[in-house]
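Next up, some structures in structure tokens.
Heads up, the next two complexes both have chain A, just with different partners, chain B and then chain C.
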Partner chain A sequence: MLTISKKVCLLGDFAVGKTSLVRRFVFNIFDDRYLSTIGVKVSRKTVALMVGDQPADLTIMLWDLAGSEEFDRIRASYLRGAAGAVLVCDVTRPATLERLADCAADLWRVSPSAHCVLAANKVDLTGEQRLTAPQIGPVASRLAAPWYLTSARTGDEVELLFRDLGLMMVG
Partner chain B sequence: MDPHIVQWLAASRRIACVFTDRELSITGVWGDPTILGAEAAALIGCQLQDAVPELIGTEEVLAHLLAGELERYDLSKVNRDAGRSVPMYLNMTTLPRRAEDEVISGLVHIAEDVTESAVLEQHLVQHRNELQLLQDRLARQNLAITTANAELRHLDEIKTVFVSVAAHELRSPLTSILGYLEMLLDGDYGALAPQQVETLEIMRSSGRRLVMLTNDLLDAARIEAGRLELLLRPVDLTRLVVSALTEFKPQAAAHGQEMSLAASADLPLALCDPMRARQIITNLISNASKYTPENGHIRVGLSRAPEAGFLEIVVADDGVGIAAEDQARLFTRFFRAGSASLWPASGAGLGLYITRSLVELHGGRIWLESELGHGSTFHVTLPAS
Partner chain C sequence: MQLELLREILFSQYRQRIAEMQAELDGLHKRIDDPDALTRTVTPIVGEAIRRKTRESRDEMVEALYPLIGQLVVRAVSEAIRDLARQIDARLRTSFDVAVAWRRLRSRLLGVSAAELALRDALPFAVLEVFLIHRETGLLLRHLSVQEHGAEENADLISGMLTAIRDFAAQAFGQGQEGSLDEIQYGQRRILVEAAQHAYLAVVVDGIEPAGYRSELRDRVVTIENSFDQVLRHYSGDPASLSNVDDSLRPLFRTSGDLHEL
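Let's look at the complex of A and B:
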């Protein structure tokens, strides 16, 4: 069996739910309290995939990066060597979608071949949702990133998103 | 540097250095390796990425360091779960390890525990981000309120236009009806039986009430639209009050009410719109008459106001009075005090709203003193000429 390790960065504005997505994917838990991340928290999860017709264990090293602006200067160092990224926005805050193009540009500056997927997160907050498919789709399309309506609270599309990204990285 | 100083620095700053060969196998440890979660002995012989899992997946970066293509690889504030509520924060730097001949023989990984300062920074970032989220939420709520207000204003304007048009359209046929009633009562179409006269008088009285109501609705609509204009000129208020009292005399007499006027001598003329000033006075006297029982007393006073340049009209009655909780809303549209609704007199709740608006348009003010069951006293000031 093939054993592969890939570094995946989670990028996006503060409080969009990057840490919650990682916790849902790695530990299958969710905590409603907001705790801002500074620096980086690295977690890992191994998923079984088929690479061609061969089974493989892909260890995804998840780099949960601080979203706050003061980390912009040092973010390039974190992004080095990334094979993929999850660009995360919050469907209740349209401005967080606008920032994703800058995040992707930062990533491709240091890791030009990195693959991206876009997570439009917090879809469980139905009454507060202010981003819809017609707004998200074109941004994702410009970034050549498949996009997913995710909820770290309910787990909607979280596993699917990471598995698809895994396939993109090893494919 | 003195090895003792280096040792002291390592101990006081909680620094660990890990040395590897070119295969990234750990060959030496210096400083305090417990910050990497292991004792020195346990680290020797391990792969660097086993001791520092944050470097898994960065093989390309490490290869660049070993090839001398990258000077250093820094990772700031790496969060580590130290099995406690607060994570441990490490600043990490990985460098090529060069022998004396400058050949790269492996890597040096330096980790420094910066938890103390990072925790403070985390608190600052946390508070700032929460504040920003609150500001965003507040901005969204403000926007929603502004939009709702604009919508309400638009609906209010539509309502005002509708009321204005409806009142205007009602007034024309009413005038015609009242005209023919007058002609009937004057005997223009022949003599009437007493029962017919009584019926027609009831119809005339109701028709007049309807005309007054439509006039009030039109005035209220004009006030709301800001289209009510005053034609100011010097006016003898005493004559105006006397005239109004004369108009109400038959009505008051019918109810056994007594009316009196106390006017100061040598009052200056008022600067007001005579038609609107009369409306103010008649509204107040009409209200006093409506809510005063039979054999009650209505006193009208006219004097210089305490504030310079103003005249004061006072209309006092010994009627039902107004409860304290109703007084603040008394001058708002369509409000009728609880005591008024228990009284047989009719009213749409527009009279005092129009009166207040007219007084304020003149630059004056209106207020009252009242107690439930002990009558009311209304004060109005209008500018002197």
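Let's look at the complex of A and C:
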């Protein structure tokens, strides 16, 4: 059985729900406190996929990076060696989508070949949704990132997102 | 007779009250006179009273407790030192002359005093785990361990976080100077870190490492770096590309008993 590990960063503005989005889907042993103290927390996601005609276990080491300004300087170090990234925005706050272009730029400055996927999060808050497909689509395609409507509460699309990212990284 | 009746009428309401008060008084006496009962009454508030007192007049509390605490600490430390001395003593004594002569020989060869060697013997050095980690990504390359604990499944998470912590320390304390986080102490255990350009070794140890161990770690990681230069430079995430590295990592597991192989 082929086993491959890749580093993936979880990026996005403060309070877009990155951490709760992945919580259910990852294996985690560290306290959330690390996010506010050193600005990063590492957890693990395993994805089963095919590499060519071989079945493989892809282990994604997921680096959840704190979105707040105080960790701007250290973030470049944490972005090193990333094979992929999950860019997360909040559909109730359009500004968080614009921010993702900056996040991707920061990422590619340090890891130029990283593949991205975009998660438009909090779609369960249907009354407050202010971002729609016509707005998200163009931003995502500028970043060459497939995009997904996600909800930490319903778990919609999260497994799919990781599988697609996995395929992009090993392909 | 009339007087009695009068008294009865005037004081009957109070009689009830007096009886109740008498009962209360008896109860109180019981709680104060009996030491157990008194303790039970006072205990719940003592904690809060001390807390409040400490908050309000810390110096007073220190003054009051210092003599007591000082004595306690002295006693605990003396006992600990006595225990250690007893251990060392036992080793120096109960071992046969051969062992004593052997220690003296080792001491002369290694350039270390016999007493220090005896101390090292009393605090045995043991290597518990060895991690070989890819610097840029924090991905775990190899992990070897003496114990069967569940750390196996967490080894890659530990590698990731350790890498993040090293990055953080370099940023926070490095101030652009050369240097890196190369040792972490946690209780009795320490994590020794030696880094090459694309990979680093993190070794979890108990006790004091023998002279030269650090250099051996450094040599080892540099050798690995050079042997697997291409793989490490563009690491694909497949640990199978480094499988025979284990042979060079296994010798890093040592106990002080190893020195007999001199």
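Basically, the second predicted complex is superposed on the first by the 159 of 171 C-alpha atoms of A that agree within 3 Å, B and C clash if a C-alpha of one lies under 4 Å from a C-alpha of the other, contacts with A are read in each partner's own complex, and residues count from 1 in each chain.
By our rule, a contact is a pair of C-beta atoms (placed from the backbone, for glycine too) under 8 Å apart; a residue touches a chain by one contact, two chains touch by 3 or more.
Every value quoted in this text rests on a predicted model; they were computed, and no experiment measured them.
With chain A as the common reference for superposition, the partners chain B and chain C occupy clashing space.
Within the superposed three-chain model, A:Arg163 lies out of touch with both chain B and chain C [touch as defined at top]. With both structures placed on the common chain, the touch criterion links A:Phe14 to chain B but leaves chain C unconnected.
By the document's definition of touching, of the two partners only chain B reaches A:Arg93; chain C does not. By the touch criterion stated above, A:Phe30 is placed in contact with chain C alone, chain B being left untouched. By the document's definition of touching, of the two partners only chain B reaches A:Ser68; chain C does not.
Legend: residue contacts after superposition of the two complexes on their common chain; A:Lys6 is shown touching both chain B and chain C.
Contact with neither chain B nor chain C is seen for A:Lys45 once the two complexes are overlaid on the shared chain. In the superposed pair of complexes, A:Thr59 makes contact with chain B and with chain C alike. Residues 5-7, 34, 38-42, 44, 59, 61, 74, 77-78, 80-81, 83 of chain A lie in contact with chain B in one complex and with chain C in the other. Within the complex formed with chain A, the chain B residues making contact are 53-54, 56-61, 73-79, 87, 89, 118, 121-122, 125-126, 128-130, 132-133, 136. Listing the residues of chain A that touch chain B in their complex gives 5-7, 14-15, 34-42, 44, 59, 61, 66, 68, 70, 74, 77-78, 80-81, 83, 93. Contact residues of chain A toward chain C in the complex are 2-7, 27, 29-30, 34, 38-44, 59, 61, 63, 73-74, 77-78, 80-83.
Partner chain A is touched in their complex by these residues of chain C: 134, 136-140, 154, 156-157, 160-161, 164-165, 167-168, 170-172, 236-240.
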